[in-house]
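Shared between the two complexes below is chain A, which pairs with chain B and chain C, respectively.
The block that comes next holds the complex of A and B.
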């Protein structure tokens, strides 16, 4: 019922002003466009990419998709409230740069690994969670648009990361910390296990908890949600904080995997990947509708596009151009669905 | 309604409103003058030397140009996150074309920037995708294009060509880049204040639905605005290549933030519908002056400040300004309703 009312309230737009996609493309987008796209990618690789169906290839792919998914979960929640978080990549860089400062520190008790390592994981995540809360505070209390509010840390945050590691790539050698990105209990990468757990929690939360309903209500129609007694500000604070926490975790995994804090490359363009994953998966960029499993699907598709291009020796530059075009196309299809 | 206004009268006194209004409209200019005077007082001759002041102006021309384009974009209620990447792309293009002479290189850079801007505008206006997503994607694509065009390395300019004159020529006392930028701002101001295009830009930012119902050419205006932003970023890229004698595919990272900060500090509303070209110029000069004085302070040995903190300071500066703007606008709208 509420849905019907919303569509009617929207003023009709003159057709001349917007371009409508061909019907087959719209239909594909409306039904199972993302699944079809993924199947095509897999089929293409199975035929044309050597060793694609090997277990090691799958593991590499899963490895790389995990960080996108983890950040994408937070991004999906933020987008569901009608917001956006451009700071996630920079927050990843901050977490990755802070961790080695803690576990490589000679100061007092940090020298002992059973103190240093847990703290090197907990403190960076807490810091990025706090920075996420700060984003949420700007959005709710100061009512600054999410794009601008998170743009502050999008650039400023990378500056903080560079200042933390003195602007250089900082190598480290610490097997216990690197377990976060290289460990393989039962042959499965640690980050994939973390990703699966977080996916389950997030999907359950969106489906079965009051908080999940609140998120969708906030994004669907904020004034109505407010009138209905939804604590809109607190919901927004929470989703930005969650997005920050998850970005911090992803940043640690990223650093652990390459055994270095790289303030330039860590999480570079991650905000775009995460937004695209959500959009491709079927989360409405205008808020109010979200799917966690869709975000997983979207992240896998983006990663597969990149994998396909790179394994066929397409240059880094061209890969970026193709990914950009794919993102625009995905958002375009998503947009047609919204109208 | 009248009763409510009357009851509000005693709570906000006249001079408070006047001060808030002055701060909102001329806050950036007041800050600029204050910071300039502070520089004169603290750093004396070195600061007021012709060399320092012309260098300060010249080194902010490329920020000025992209901020000018960003002003128009933001006035329509949009945002252009691709400008930094377009600067890198066009700087590489200008360096590659520099052998063909100054005019070809500059025209090539502007043309390429214009092309990216047209793509942005078309996707935003025709396909109705949110500006930040479109321009974030073209940011990625332009960086990719810059990597391809440069074979992943910096491209040196041709030293036999006259391309380097773009940065080094003086018109009388005034460096050529400063002349170009001043001229661009003059044209921008005329376009905004005296032409139908300018009125359409403000109308769209004020209320797009109303502008649409009034029959204004929304799509065309939006395309023009993003194309302008792209073209100015192209000119900015040409200047950057001429300054450093190279085109680097990793140049211009984060410049979009500097441009947005300059626009906002000038008082242009991020929600669109209001703004001025000259206040953006004030915003650019203010940011430039702050970093100039930080350099002097570093020279005095007051503190060690690595360049990485500059990004943090720029971010903090934008933060401060948007918070102030949000406070002042809310107060203004509270006192007028």
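The block that comes next holds the complex of A and C.
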């Protein structure tokens, strides 16, 4: 399975009876199923969808995929340790609901925009990061299975968001904050830039840092990793915290884009989109094998399937069925390649 | 079975099988008579496992014919082989630990009544199957409550209950202690008396003559030799497996250890006194000086592994003390022990050693990563330098340092795991069954390496189930039984009989089976 986190150069040694491809080509080849699927989707749309190749269409597509990818990065790290994080959608709602309480507050220094806006970004992210740490705490110290541990905030998190916003959809009008979801420096959406930066950092981290290697060792064989001195509990705490931080950021982007705090709809089904992106991209749900770039590919594919169907007026129900079928197909293809 | 024309149950001829880039089997053949215990030996990679997987339907052959019980067969799925009467018992026991003994025996074909499982009948029949093997246990208890030996018996009972005509046993004794092996042999003789044939794969050469009728030796994907065991010596078997001249093997001795000068002087590097932890450790004491190889002997469940885990900080300790260089040590995690200069090669490579999907390079440097990094970023150049050095030093055979470790043979995996510790320049090495389940050649190399390490001043605590390894390799042997240290011998004052007596005394057969 592709491990784009491991793309260091290595000399290709020709074997006696087969041609050894250069490593970059093999890495691409390992995800080729996903790449081909994406190319087919693009080709189909280029021919049959009006205005598909327009810059504005591309921007809309990137716009929509950015939050999935940002959450998907954290999800990929968690899955790489052999865990899963169901709480990300609820954490997005919490971050989105907390932010307007801060920048709309008349209390003391918060009233000043240069204090209120940065705090409205930093504090919600810190809070969701802290809640991610709580997930990690349940998983490591209480040894609760990740799916159950994160189910706690999946269910409870939206309750917190509703309490924060008094259970109503809260519209706001704050151009400075909304820049996070609507800003277009150099014509590129802010969240796309954030996504790109986070992707680069995460891919580099997986490849080159001790922490990145510890993540894969923990997911690959936890008892062995512990006996080799890997601080597995700290590694797990860290990935859940990172997943929480990234979910918080995605929640702020989501709120900024629609100019509202919506405790019900913000980040709805995001956990499933993020897991699907990772799975389609080639990250093994059993842990130990993960690819950040694959998650990007996976997210783009799922988004493109959705876009294609919607722009051809296929009903929402059918769209979901098609996406489900695409996920099964992608996972089956990867299974084949593994054997 | 007659001398000239045997009554053959199984005949495999001209079997060929290739995997991408490797020829695993090249015209291999195998003939097994009815009611015969047929030993199958060869180094790792000789093709034994591939041949067995083709026989039981796990792999498809490229060429060749298989005749079983009078008709030509070609199994596409393991259950087809099972229905035809071929059962396989794997090295790692393939059972479900949380389910009951009876459920494990009848899994997939539980007796039913009105569409529901007929529990009374299933339990009754499970008890019958087991008692035919001479085993009396409560079949309703979960499998995980049994020791490894008994779990193995359950696996055999499952195989037998399929009306097997041929039972394949892949390394059945690798996790059994000596007296448990005796029980297993009783069971095998019982099978034989019922006319069942057994293919017996083992790395323990001592066992072959005890249990086998005939032997097939494989090397490099080919069948080298087939003979009655009464006509071939242990030495000849080793020579055929290795493809070496007999006299060279004779000179080499039974293990790769040489007679080193004993290190009886010097301050103790490791002192463990009166260690206690729950029921598994009741009063364990052991020590080692720099340059000394201390053998830790004991039956399965004697607490040998638990002592090593306690020293390494992998398990908490209730009471007792551990000193390193005279300093009281209290490691809260393996990471602490590693920083103090201790390395621990675990007994079970697969579940506690390798990270299967990571490369040789990453597995080798996993413990050393903190020392290879600056600000958390791995220094790739230094990492590669270290990997290259140890791959060369230990003769690790891999396509490249980037090959996934799970694709390596057992012996090479073990070398990578040893290198994982050696590259940290440890003071003390804890080795739990360092040569278990690896081929004879690699075994001797690793034993030689352990000698060299001790000569270089390392303290080594070597846990082993192999008497020869303990007797030839250790400067001193500490014997454990039921979580307690019961005896200690200097090298000059020990022989096999004394060692076995110390290990076995008091641990009755009923206790081990209960």
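Rule of thumb we're sticking to: the second predicted complex is superposed on the first by the 297 of 339 C-alpha atoms of A that agree within 3 Å, B and C clash if a C-alpha of one lies under 4 Å from a C-alpha of the other, contacts with A are read in each partner's own complex, and residues count from 1 in each chain.
Going forward, contacts are C-beta pairs under 8 Å (C-beta built on N, C-alpha and C of every residue); 3 or more make two chains touch, one makes a residue touch a chain.
The structure presented is a predicted model; accordingly, all values stated were derived computationally and were not measured.
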Q) More residues of chain A in touch with chain C or with chain B? A) B
Q: Have a look at where A:143 lands relative to chain B and chain C in the superposition and call it first, second, both or neither.
A: first
(Q) In the overlaid three-chain picture, which partner chain does A:318 touch, first (chain B) or second (chain C), both, or neither? (A) first
Q: For A:229, select first, second, both or neither according to whether it touches chain B, chain C, the two together, or no partner.
A: second
(Q) In the overlaid three-chain picture, which partner chain does A:275 touch, first (chain B) or second (chain C), both, or neither? (A) first
(Q) Quick check for you: in the superposed arrangement, does A:262 touch first (chain B), second (chain C), both or neither? (A) neither
Q.
With both complexes overlaid on chain A, does A:63 touch chain B (first), chain C (second), both or neither?
A. neither
Q.
After the superposition on A, what does A:158 contact: first (chain B), second (chain C), both or neither?
A. first
Q | Common interface positions of chain A, toward chain B and toward chain C | A | 11, 13, 17-18
Q | Complex interface listing, chain A residues touching chain C | A | 1, 6, 8, 10-11, 13, 15-18, 208-211, 213-214, 216-217, 220-221, 223-231, 284, 288-289
Q. Along chain B, where are the residues that touch chain A in the complex?
A. 79, 123, 125-130, 132-134, 136-141, 143-149, 152, 209, 212, 218-219, 254, 257, 260, 264, 270-271, 306-316, 318-319, 322-323, 326-327, 330
(Q) Looking at the complex, which residues from chain A come into contact with chain B? (A) 11, 13-14, 17-19, 84, 86, 138, 142-145, 147-149, 151-160, 162-163, 166-167, 269, 271-272, 275, 279, 285, 315-321, 323-325, 327-328, 331-332, 335
Q. Which of the residues in chain C end up touching chain A in this complex?
A. 20-21, 312, 314, 333-335, 338, 344, 346, 351-359, 362, 366-367, 369-370, 373, 376-378, 380, 399-402, 420
